[in-house]
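These notes concern the structure reproduced below.
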Amino acid sequence: MDPLLAFGFWAFVLTFAGIYAIFVLGLQVEVGDTGLINFGHVAFMAIGAYTLGLGLTNGWPMWLAIPAAILAAAAAGLLLGIPTLRLRADYFAITTIAAGEILRITIQNEQGTTGGTQGLRGASGPWREFNNDVLDTFQGWGIDLDRRVPLLVIVWVTALLVGLLLVYLGRTPWRRALRAVRENEEAAAASGIPVLSYKLQSLALGSAIAGLAGVFYILFSTTLFPENFEPIFTFVGFAILILGGIGSYFGVVLGSIVISFIVSGTRFLDFPLDADKVAALRFVAIGLLIMGLMAFRPQGIFGKKEELHLDA
Amino acid sequence: MTEFLNTTINGLSSGAIYALGAIGLSLVYGILKLVNFAHGDFMTLGGYVAFAVNVSAGLPLIVAILAALVTVAVLGLALELAVWAPMRRKGAGVMQLLLLSIGLAFVLRNLILFQWSGSTRSLDVDQFQSWNPFGDVVITRIQVIVMVTAGVVLIAVALMLRTTLVGKSMRALSDSFDLAEVSGVNTRRIVLYTWVLAGSLAGLAGVLAAIYTTLTPNTGWFLLLSIFAAVVLGGIGNAYGALLGGIVLGLTQEWSTMFIRPTYKEAIGFLVLILVLLIRPQGIFGQARTL
Amino acid sequence: MRDLRVRFGGLQAVAGATFDVREGSLTALIGPNGAGKTTAFNLLTGFIRADGGAVTFDGHDIFRMRPDRISRLGMVRTFQLTRVLSKMTVIDNVMLAAPDQPGIRLDNALFRRRAWRAREREVHDEAMTLLAEVGIETHAGAYAATLSGGQRKLLELARALMTHPRLVLLDEPMAGVNPTLGRRLLEYLQRLRAERGLTILFVEHDMDTVMGSSDDIIVMAEGAVISRGTPDHVRSDPKVIDAYLGAEPAAA
């Protein structure tokens, strides 16, 4: 096996893991901290990705398009949350999938704007230039980098920064209020916490982070297809969340790497089977993992059993 | 007028499939508080079992349908005994079970993919025969099969729920588990019967869906959200509601194509779902329940 | 003299009840089971939406106001079936309720660290003091889920007092609490009333406590107020005797 080829492959897998890590960090804020089961999380990533894509294809500079993408995602979160956050947990979960699917179908249908199933192309120009500049700079110093390295590094640095930010926020009165909302809304209200406001803040923050993941997604895959943003993406995110432990940010990072390896990394192991069948088995494995965790260790690797609130 | 009749026929066909899928899902949700995300994959399995019997083994469609019903019913029972009942004994909550069902959905769907690969399959049914009952109104052979089969089964189920002790017990348990239990209902047995019913109907829905649309490992999964919409529309736990909800949803989706682009019709279903949950969460046919 | 005037009608559990509570008083709300006392609390503090009527508190119209806003205005309640934040620590439960926490806002939490760190220390100390006064300070670091029923009632009381309330609505605060501690709590509450002018409205079933310590008693039955006044007045009011004997033969 050509070592260089192998490196490129691992860079691919790890970058994808990093994007997932950011995505799930946003999910953790919603699920772990505030108890909002958001099955439509991928929709906000889609909004981030498509906003950036459409911005770039319309000539916006990156420094404008990227914040716009994140804000668009956050705004969408608020828009969804205002009518739906007062719903019971399982109804909210179903509503979020429905909303996400409506978005995806709309993207699919509005071919003229979004490229629909043909894909949104042409957004990669600015990033490619930037990437080449970075590579050239390093080359000037005598270091020959694989072309995939800059994105890999940027994604992971961002993931770690977001994680650290959330850990910092974790020790604040703000987060205490979020957790109170998760625990018992009436007790929180009796203590003076405006419950809906905190749920909205959580959803907005989680969606913004998902939007950020979307930004990296389009930089990573250069062409966007609506099929990339199906509910499966969120469900794999939940697998990561559960594996790492609901409530643990570090667990998210670990879980992302593990799951990404299961999904893509086992490609190198030799099985006496068709590639397609191996692919199917990988997802069987993930499904069994989710089931096993939920049955025997719902707190995941790093979650705390005493703080588990899934027995609602 | 032609368009109206055509879309009505389409709506009744897809609605019938939704109804079959929704009844089981609704009862399981109502009685066991389980939001079964694997229900769609039960349907897909039904479709593939029928495929295996009808195409691979060359047996008549009716045998294939029965095989599908039995297989999925058995699967439902097996899962209840091996997974759901033990989890309930452990005190698992709604969300935990929900997430577990998502994992199960992954497993089922991908095992199907493993076994039969992702290519589209068809059952041995005449895809092209159709009739023109009046003017430009079209009804296909497939639609007739779907509507007649589903219609017969749905009526039978409705009667069963209304007149038999088992049916009434199911409805009672769905309404209020504790009250029914205290009134002497053998909950254990009724729960098992519910899974048999839910599984069989899902299997049948899967076969009909395979005939009416296409059979891929994702067939049932793609229908699941619409079936959820039907369940919510009819009131969670309300079997009649699910039946009517399915038909109403099918009609609404198809009628909407008279005004908007047909590719949006699924989105209409989801919009209905959201609106119902926001405005009248007990469903159009349900009664307000205190939680 | 500011008072709380309440009138709510149309809701089945409470029909056309009207009463007011004098500032600085220790008022008891009694009545047979099902009289609507807890419902009254829920209506007053915004947890249930009243169909009609008016509620004023300290000059503010709080009819149909959100519970958290009512709480911040100074009217706080505890729950009959305790609602604690089980998977958070006892001290967090109390600290949550403190007023004026800059860190509770996201922008402050992110950018103005010094502002909220100092206040957080104050809040912590105050919370510990309150926990000590109700007697559960040794459990401060434990998860609230580990507390017994009576201890949860005490936790709710500490949490309510943490908000620096003007009027506190206690729903069966002594249920499940041993008599000695209960007496001590009552003395504590009376001291708060004397020192800080705290107004207390409490639901209680133990008639000795009620008759012995309240200034004022409101009696409800079947959703309406049937009597009002000093312990002596209420004790001898035939309507009250009737309500208790009629509604609950086993009540006495």
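Going by the order they are written in, the chains are A, B and C; count residues from 1 in each one.
Here, a contact is a pair of C-beta atoms (placed from the backbone, for glycine too) under 8 Å apart; a residue touches a chain by one contact, two chains touch by 3 or more.
Note that this is a predicted model, so its numbers are computed, not measured.
Of all chains shown, the one whose average CA position lies nearest the global CA mean is A.
By the count of C-beta pairs in contact, the leading chain pair is A-B. One inter-chain figure worth recording: chain B and chain C are separated by 49 Å, centre to centre, where each centre is the mean of the chain's CA atoms. Put simply, the C-alpha centre of chain A and that of chain B have 31 angstrom between them. For this pair, chain A with chain C, the centres built from the Cα atoms lie 44 Å apart. The multi-chain contact residues of chain B, meaning those touching 2 or more other chains, do not exist; every residue touches at most one other chain. Touching chain C in their complex are the following residues of chain A: 169, 172-177, 179-180, 183-184, 186-195, 201, 205, 306-309.
Residues 37, 83-84, 87-91, 93-95, 97-99, 101-102, 105-106, 108-109, 235, 238-239, 242, 276-277, 280-284, 286-292, 294-295, 298, 310-312 of chain A are the ones touching chain B in the complex. Here chain B touches chain A in the complex through residues 35, 83, 86-87, 91-96, 98-100, 102-111, 113-114, 117-118, 225, 228-229, 232, 261, 263-264, 266-267, 270-271, 273-274, 277-278, 281, 291, going by the rule given at the top.
Residue ranges of chain C in contact with chain A, taken from their complex: 45-47, 66-69, 71-72, 76-79, 83-88, 92-93, 95-97, 99, 101-106, 108-110, 116, 120, 123, 143, 145, 159-160, 162-163.
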